[in-house]
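Written below as structure tokens is the structure these notes are about.
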Amino acid sequence: MSDLYTNSGPVAGQLHIGRLFVATLRRDLMLSLRRKSELVNPLIFFLMVITLFPLGVSPESGFLSQLAPGVLWVAALLATLLSMDALFRSDFEDGSLEQLLLSPQPLYVVVLAKVLAHWSLTGLALTLVAPLIAVMLFLPAQGMPGLLLSLLLGTPTLSLFGAIGAALTVGLRKGGVLISLLVLPLYIPVLIFGSAAVQAAVTGLPVAGHLALLGALLAFGLVLAPLAIGAALRISVSG
Amino acid sequence: MAEKKWLPRWFYQLASPRWCYQICGKLLPWFTVAMLLLLVGGTAWSLAFAPADYQQGNSFRIIYLHVPSAILAQSCYMLMAVAGAIGLIWKMKIADLVAKSCAPIGASMAILALLTGAIWGKPTWGSWWVWDARLTSMLVLFFLYLGVMALNSAIESESTAAQATAVLALVGLVNIPIIKYSVEWWNTLHQPATFKLTEKPAMPAEMWVPLLVMVIAFYCFFAVVLMMRLRNEILRRERRSGWVKELLLSN
Amino acid sequence: MSFDSFSEFLAMGGHGLYVWLSYALGLVLIVYNLLAPRRERKRLLAEQTRRLLREGNRQ
Amino acid sequence: MSEPLLKAEKLFCERDDRVLFDGLTFSVAAGEIVQIEGANGSGKTTLLRILSGLSRNYEGCLYWRGEAMEQVAEQYRSELLFFGHQPGVKALLTPEENLRWYQALHPSLERGDLRFALEQVGLRGFEDVPCHMLSAGQNRRVSLARLYLSKAPLWILDEPFTAIDKRGVAAKEALIRQHVDRGGSVILTTHQELTAVGAVRSINLDDQEGTR
């Protein structure tokens, strides 16, 4: 029986990356769905920020419809940012993060699954409710496809960049405000291209170019951000 | 350490804090003298001898501060990120310390570039702040510096702070071109082809030579401050080592 | 020399306020950057020397 | 005698301006139990975190099967089971769901019978109760159930017996004994006396130079 441990081949050899991805995605979705009250918080925040603009600036429809693309994007960005801090925090506090980092499987995959789970309950949810809220801001109907598509392509990038900030601050007791400070500058290109896409759609200009830029940002984020997130997690846990 | 043989020897010498402290001490007076000469000469040249611009008049002289500080703010970020990467990959303490020393210098240069840009904007555009592409990018760069400094001071463990900051600086470095491009794109979208501050088709020699002098002067200034800060950081980090104790007791 | 008199030099063709304000700010920032690490060094040396003496006494 | 499994050379670590250990050198051979001892705050947990590869704030070298740790990190992780201060159990998931995720994460955990493992740690009947309904000790036992599934040769256990009753401790000791008999190694810290595991080598961090 003693030869069981001396040959290490089979253990190291089999890496079930697909299974790991699905298992992590399932676990994170399950965790979020069991805490329903927190699930809707980003959406409520989104709605509330949107409400502030007519109250704070002007309820006049022509003015609001002009403001709508930018306001919708800024609110979506802030709502995503707000939810970022929780991404790794509970894993850090209960020790799951340590186990995750000690896995022989590629960290890239786990991180990507976690970000995807997070996005599908924040970014995707925001995208789905955005048209309803856009109506409240009198966004012209021809702007809706641009809004939906730009949010669909842009919010995953926000989640990916936000996760870098979350990973860097997970070891700190008060990470929340710091994350915004670290991540907001990185959000600027997404904001610019995203709101420009909506604006272009409203005025009837082609949006393909804007969407292509957002897609390029997303591809770029998908390739590089998980590496940074993984490195940041190892550093945060090490400290 | 066999796998690291391909690096030149000075690289390892640099890795020795003591050697680095001493070499910085030796270089400092030379750079200080060069900095003072160049700064005084360059300032006099740019204020009194360089010709006024035919369009902007004498307010053009602000370029001799604005451009060097903007260049320095950018290259300082680059150095910070590269030093951070070296510290991450080769676990070189000195590189971490260089990265840490860079941040406040770069941030203050970004402030200077922003302030001079804003002041310059008043006679040129008639308002203290304009959402010009360059100024906006510089503002974002300043935010990036603030993030790096905030993260560094929020993490207690020195080595963890250095590593986390290095990751953030690298992420920022990769993003800077994207941010610049997006801001420029946004700018042309909203105010097509307005008058740009520092874009001159062909600057005559009597204008760009003093500018070059000022840029070199600013780099010397950067070297001086960096070495001073680096020496402080080395002293702090190595406070328990023998040579620092000797140095302290001989004072 | 692109100015004929000292007062003209100060006036900078009507842009004196902007030019001199910029250069004053530049001077302040440069001097601050040079002085801050010097002060820090003095503080550090004093602090560490005190620590060394303190620990020396204890042993 | 073959290569030791794990070798540590001249480990140095300081925390909060205090040297925890300096020049710490030891090795762990197959079939060996090593207990890390020391007063509170002497750096036991820190050492275990360094050995597991979690903490990188140290100087010195670590070798796994004779090769530098950085080069075989992935292989090392596939042959390691780490039980840390926090059990790593999600309060909103059931014990079974928790363990299933660990199985996906660590191929060295057998995909065998989870119920058997949970029964062994006395959690039979709790398979589908969310962990926040369980006590702290039960939560730790959920994590310890991994030991019954593990094929990893090296176990690093930080206080595995805390909040576990006498019978449970005896069962864990038997398990460790079995692991060692199969050629596995254990590095652990514990406040309890180890009675039934056989030969234990101990390393005392209080004796380390530089530690006062």
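The first chain written gets the first letter, and so on, giving A, B, C and D; residue counts start at 1 in each chain.
The working rule: contacts are C-beta pairs under 8 Å (C-beta built on N, C-alpha and C of every residue); 3 or more make two chains touch, one makes a residue touch a chain.
Computed from a predicted structure; not experimentally measured.
J.: A-B versus B-D: which has more C-beta pairs touching?
T.: Between A-B and B-D, contacts are more numerous in A-B.
J.: Using CA atom means as chain centres, which chain is nearest the centre of all the protein shown?
T.: That would be A.
J.: By mean C-alpha position, what chain is farthest away from subunit D?
T.: That would be chain C.
J.: In angstrom, rounded to a whole number, how far apart do the mean CA points of subunit B and subunit D lie?
T.: Each chain's C-alpha centroid was found; their separation is 47 Å.
J.: Return the distance between the CA-based centres of subunit C and subunit D, expressed in whole Å.
T.: About 55 Å, centre to centre.
J.: Take the average of all CA coordinates in subunit A, do the same for subunit B, and state the distance between these two points in whole angstrom.
T.: 32
J.: So, what's the distance in Å between the C-alpha centres of subunit C and subunit B?
T.: 16
J.: Which residues of subunit B are in contact with two or more other chains?
T.: As it turns out, subunit B has residues touching two or more other chains at 157, 159-160.
J.: On subunit C, where are the residues touching two or more other chains?
T.: In subunit C, nothing touches at least two other chains.
J.: Where in subunit A do residues touch two or more of the other chains?
T.: 235, 238-239
J.: Quick one: which chain pairs are touching?
T.: The list of touching pairs comes to A-B, A-D, B-C, B-D.
J.: Going by the contact rule at the top, pick out the subunit D residues touching subunit A in the complex.
T.: Of all residues in subunit D, those touching subunit A are 30-31, 52-57, 74-75, 77-80, 82, 84-93, 97, 100-102, 104-108, 130, 151-153, 181-184.
J.: What residues on subunit A touch subunit B, complex-wise?
T.: Its residues touching subunit B are 164, 168-169, 171-172, 174, 178, 181-182, 184-186, 188-189, 192-193, 196, 217, 220, 224, 228, 231-232, 235-236, 238-239.
J.: So in the complex, the part of subunit B that touches subunit C is made up of which residues?
T.: Contacts found on subunit B: 39, 43, 47-52, 57-59, 61-62, 65-66, 69, 104-105, 108-109, 111-112, 115-116, 119-120, 122-123, 221, 224-225, 228-229, 231-232, 235-236, 239, 244-245, 248-249, 251.
J.: Touching subunit D in the complex: which residues of subunit A?
T.: Within the complex, subunit A contacts subunit D at residues 1-6, 8, 11-12, 14-16, 19-20, 22-24, 27, 30-31, 34-35, 90, 93-96, 98-105, 110, 234-235, 237-239.
J.: Taking the touch rule as given, give the residues of subunit B at its contact with subunit A in the complex, in rising order.
T.: 88, 140, 143-144, 146-147, 150-151, 154-157, 159-161, 163-164, 167-168, 170-172, 174-175, 178-179, 181-183, 185-186, 189
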